[in-house]
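Dumping the structure here so I can ask a few things about it.
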Amino acid sequence: MNDNARFVNRKELMGILVLAVLLVVILPLSLDVFRLNLVAKYLTYAFVALGLVICWGFGGILSLGQGVFFGLGGYCMAMFLKLEASSPENTKIQSTPGIPDFMDWNQITSLPLFWKPFHSLTFTVIAIIVVPAFFAFIIGAAMFKRRVGGTYFAIITQAVAAILTILIVGQQGYTGGINGMTDLRTLKGWDIRPDHAKIVLYFFEVALLFGCIFIAQFIRRSKLGRILVAMREKEDRVRFSGYSVANFKIFAFCVAAMFAAIGGAMFALNVGFMSPSFVGIVPSIEMVIYTAVGGRLSILGAVYGTLLVNFAKTSLSESFPELWLFGLGGLFIAVVLAFPNGLAGIWGDYIQPRIDRLFASRKSGSDPKADSKNGKSFGPVADGAPAE
Amino acid sequence: MSDDKKRGLDSPLRRKLLMGIAAIPAISMFGGPSFAAGPATSAVNTTGLAVTDTEVTVGILHSATGTMAISETGSIEAEKLAIAQINEAGGVLGRKIKIIQEDGASDWPTFAEKAKKLLVNDKVAAIMGCWTSASRKAVLPVMEQYNGMLYYPTFYEGLEQSKNVIYTGQEATQQILAGLNWIAKEKGAKSFFFVGSDYIWPRTSNKIARKHVENVLKGKVVGEEYYPLGNTQFNSVINKIKLTKPDVIFTDVVGGSNVAFYKQLKAAGIDLSKQALLTISVTEDEIDGIGGENIAGAYACMKYFQSLKNENNEKFVAAFHKMWGEKTVIGDVTQAAYLGPWLWKLTVEKAGSFDVDKIAAASPGIEFKGAPEGYVRIHENHHLWSKTRVGKAKLDGQFELIYETADLVEPDPFPKGYQ
Amino acid sequence: MFGDYSIGDLGSIFVMQGFAGLILFSVYVLMALGLAIIFGQMGVINMAHGEFMILGAYVTWMTSNFFQAFLPSLFSGYFFVAMILAFFASGALGMLVEWALIRHLYKRPLDTLLATWGLSLILQQAYRSIFGAREVGVELPQWMLGSQKVTDSIEVPINGIFVMCLTLLITIAVAYVMYKSRWGRQVRAVVQNRIMAGAVGINTERVDCYTFGLGCGIAGIAGSAFTMIGSTGPTSGQLYIVDTFLVVVFGGAASLVGTIASAFSISQTQSTLEFFMSGSMAKVLTLLAVVGILMLRPQGLFALKVRK
Amino acid sequence: MLIGHQPKDFLLSVEGLTVSFDGFKAVNDLSFYVEENEIRVIIGPNGAGKTTVLDLICGKTKATAGAIHFRDKDLTKMKENQIVQAGVGRKFQNPSIYDDLTVFENLEISYPRGRTVFGALTFTRDAVVRDRVHEVAEMIFLKDRLNMSAELLSHGQKQWLEIGMLLIQDPELLMLDEPVAGMSVSERVKTAELLNTIIKNRSVLVIEHDMKFVEDIAHKVTVLHQGQILSEGTMEKVKNDPKVIEVYLGH
């Protein structure tokens, strides 16, 4: 019980360490830069999946519009990078040098007002966090205060994603339209394209990811985390324990939005462009499946789920593009029908108990009661009921 | 007509089989021609490309899945055909071409990722690929960073020029201006109504068309409308067309929207044999989905039609049908995609090397006399000199050639006065 | 913008524009009815709804090919046969899906969303493998093409009239089935109290299965009808899905009247806006209005206040 | 402010309360007053509107007309969580606890501290909290089940746990909806004992069918019938009211 109150317990620490070794040591050593950059790209989605664990797994709020926040974060970053790439020297063939190329194509002759602050990196970094959070706050406040939840919320977030996509595509003079913002080159003069930059960015991203994992872990371990779980189960009861359910939902949704936005910003840096194809409904739903495969209640599972699905996608679509869609579709169905707790559930139900038994037989001195308790709350709530 | 419809039932299956065969390096299919021993690999490949003494690897990068698979399938087929033919004719510098095909999955970042994989991992000597502007824009920085060579087949909006890309389709002025001139003269057209899908290619094309109509033809644009990609309801814009009674409807609607647009236009009682309509986005491929009866009478402005009467084209169409099924249609982009491997082969042979820098430098001036569209030549700006043609859609889904420019039109990706 | 036109011109345009709105309305109702039954009565979110529609479209295409090849004399009437076949094909697939998939997920509505999304991916790829990646063109009999002149300047498209009649017919049929027939009473009984319904001898599993099948079957008819106005390709179904869901949710999920009212208001808003601005902006504004109203009135237009 | 101000300070005053669902008036112009430290039992046949009254007071259902004052606060204008924070606690008819959490966590969540988002994030499980949880757990007979997942408890234990969750909130007005329903005889006895300890120093509003139990604890009884008060007073008075006998006790 006391163990429970601590921010990470022994098993969880082990889990985080294993992931750290995998991401910091094993992958960089075993993969070439190209593949490592792919991993970096996948990991940007892991941020989104992590956010979904908090808002969907813990809080029971399924958002089908996480692409909106991924996109907002990504676009904020891309706007900064695009401005830097559009220096008057780089763009001297344009009729108006010094503005992004797509603006020039759309007969815009001066930088729009809302672009101007993105000359500043500090402003950009703040915007990456604040803009999506603010947006999530507005949506969340409007919906949760009026007790819109469940499927309605899912469909409305989906509509928001559709609106934003059409808007970005339609306002191409300001956003780059369907092409997105391409050809991003430098960050404060530092070229983000060569291999060594990719490696630096990879490690930076992994560090950020662990930052987010710790935040997620902190939230889960705090009373707030337990309130979220309680809320998912019996919303009314939480209300009658004196909590404002709406505020907690808004908080979870905002955190998820911020994580997604960080992922989006890292995407723009790692991949070198941003496009509306991440904002829409399809990518948003795909991001949900990463979380579901990892186990919607498992923080680390989100990372593994994202990596697994994307590795499968890349390798399958390289050799069997047709099979890939069958595979992905089948994965959705299998996860929902057979493994509602995803990889974490499989781990918690089948693998962990064996390992435990192995350890228990070796050193019988350990406290079996604490172990079983921890095992349960780590293998992330293997026995937990599905979110809905 | 019934014949035409029956093929739908059997052709995909058959196409599938054929694709499977084609995936095996085409040598097995064509009975293994003997490859003359070419120059030493060390001499023709100084940059570590995937070239051996007997083989050279080339990438094909299109969408085989997702919404764009509809359009890009033809390009894949054409490129495979060209490569098979080149191999049959002895390969490139005595080396057989090996294909690595990647799926862009209609997703722009995937295109970038796969392009990078082809260049970095597979070290391909050239990539035949991309279809939409968005995919090209995503791939372009990768091509430039890793110094690859892309042969891009689609007619597009222009405003681009790269050492690492050969544009085998037409850029906007090349495609549009001659067509507008023709229709203005032929139909005495003064007023135009523009309808397009809402993204960069239609918007840029319409911008160029508008300048040309207003400044050169001294006509008037009475309406300019854009609908989101995938929109299926066009009754409102059709009413606006009825209200403004333009001499010419000028369209660049793409994808599934296309089908909806022409079906609804027909249903609204706009008779394309009386109302002139000029499209720059409908090829034989699109008519397949629209249905010939819905679009018959419309004019399309392209550089190639399947029905072109010349020796090259007859051979090309026959070979294409032999490989991909009798009833597979061939559109403008499909033909342009077919040019890619041939132009690359000719350039390699002129440069005497697979090195990308040498190919980029040797490209201007390369002539391809065997092109189905007729003679083409690569311009200094890496686009093609080509003729512009206007065709009239017929009930059977083919175009009847109505007009073609007398000379090759010069590609002008950064047109003065149209920006 | 109206300065250059005569009053007569404007008048007929407004009539035709009103008609365009009505066609859009019919299209929305047709799309949404099947979904409204499934979502409203069963609480299942069927993300593969669009793919069931496209199945109907492909069935129509195959039927037209069959008639052209073997019964060319009856070609003018094939469309009715096609619609019936489309209904049964989509309905049968729907029942199969219910039995294999949905049945296990009634207690987890959000999970049905993910599972049916997976199903939609599988169906899309299946269509691509079977029918090819290219779009297919469905040829219509001559009488369904063109338009009917009402006055010199007012013309209405025949396929529009056809869709409207079809919508009316199907709506009446559905209303009858749901509110008058014995089976409809069973469905509603199951919706209100599954356990009680089971206790009084209603085979709830079978009712669920048929309800889902009916919803999918109507989607099939809709898809068949849409071959007249839209495209038929492996991914065409996705074009409809967001609109469809918004219509259903905006109407208040449990209400057939609500679905119709919401289809009406959304279609009229959109077609009116389309006349004054570009199609893209009209779409954005319509969606924004719908989302905005849903934020103020989350239960939709026509949800009843019930004692919880 | 003087208008409508009661001469005597009631803890809870319900005046002219009406709620209608699509025209059906579940509660119709209802008025009653609860004093400090009073134990009031509401009885009435099924569908009389008993649970709806509790729903209205705790904010779960919004009133169509009328006023509910708790001290000087108008509860009809407050949200559920604000009503709880003002000092009104509610136990539901079916045990409403968090199955996924342990007994300890169930009680801890109900502990009235850190109820804002930020407060919950920075909440620490200090000695005060632990002691209070242990204290309450002892009262509700669950002292040695603190680390058990709540879903494993028996039905009666779940009822106790929910009562414990209310207790730890320390409300001034405690509302219990059929606290002994579905319990075994021995559990019933223990529950009565529990209720007798916890009703000290607070006002309690109870809905109950078990007449024996009502007689044991009630200071005053209100009989509801079709959303209106049929009779009100001591158990003795109510029992002898002919109207009551006709509609309820007589059966």
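The letters A, B, C and D name the chains in turn, as written, and every chain counts its residues from 1.
One rule holds for everything that comes next: a residue touches a chain if its C-beta (ideal position, glycine included) is under 8 Å from a C-beta of that chain, and two chains touch if they have at least 3 such contacts.
The structure displayed is predicted, hence computed values, not measured ones.
K.L.:
Any chance you could name the chains that touch chain C and chain D both?
P.N.:
Touches both chain C and chain D: A.
K.L.:
Identify the chain pair with more contacting C-beta pairs: A-D or B-C.
P.N.:
Taking the two pairs in turn, the one with more contacts turns out to be B-C.
K.L.:
Which one chain sits nearest the middle, judging by mean Cα positions?
P.N.:
A
K.L.:
Take the average of all CA coordinates in chain A, do the same for chain D, and state the distance between these two points in whole angstrom.
P.N.:
43
K.L.:
Whole-Å distance, chain A centre to chain B centre, using C-alpha means?
P.N.:
The answer is 37 Å.
K.L.:
Between chain A and chain C, tell me the centre distance in angstrom, where each centre is the average of that chain's C-alpha atoms.
P.N.:
Here the centre of chain C sits 34 Å away from the centre of chain A.
K.L.:
Residues of chain D touching 2+ other chains?
P.N.:
Within chain D, residues 60 contact more than one other chain.
K.L.:
Could you say which residues in chain A touch two or more other chains, in rising order?
P.N.:
166, 169-170, 322, 325
K.L.:
Going through chain C residue by residue, note those that touch at least 2 other chains and give them in order.
P.N.:
Within chain C, the residues that touch at least two other chains are 125, 128-129, 238, 278, 280, 283.
K.L.:
What residues of chain C sit close enough to touch chain B in their complex?
P.N.:
Listed in rising order, the residues of chain C that touch chain B are 5, 9-10, 13, 16-17, 19-20, 23-24, 27, 61-62, 64-65, 68-69, 72, 125, 128-140, 145-147, 149, 155, 157-160, 226, 228-236, 238-240, 270-271, 274-275, 278-280, 282-283.
K.L.:
What does chain C use to touch chain A in their complex?
P.N.:
Against chain A, the touching part of chain C is residues 39, 43, 45, 47, 101, 104-105, 107-115, 117-122, 124-126, 128-129, 238, 241-242, 245-246, 249, 278, 280-281, 283-284, 287-288, 290-291, 294-296, 298.
K.L.:
How about chain A: which of its residues touch chain C in the complex?
P.N.:
Against chain C, the touching part of chain A is residues 62, 64, 142-143, 146-148, 150-152, 154-156, 158-160, 162-163, 166-167, 169-170, 281-282, 285, 288-289, 292, 322, 325-326, 328-333, 335-337, 340, 386-388.
K.L.:
Report the residues of chain A in contact with chain B in the complex, numbered from low to high.
P.N.:
Those residues of chain A that touch chain B are 32, 34, 37-38, 41, 93, 95, 101-102, 105-107, 166, 169-170, 172, 177-180, 182-183, 193, 271-273, 275, 277-278, 314, 317-318, 321-322, 324-325.
K.L.:
Where on chain B is chain A touching in the complex?
P.N.:
64-65, 102-103, 105, 107-110, 112-113, 116-117, 120-121, 132-134, 137-138, 140-141, 145, 157, 159, 198-200, 203-204, 207, 226, 228-229, 414, 419
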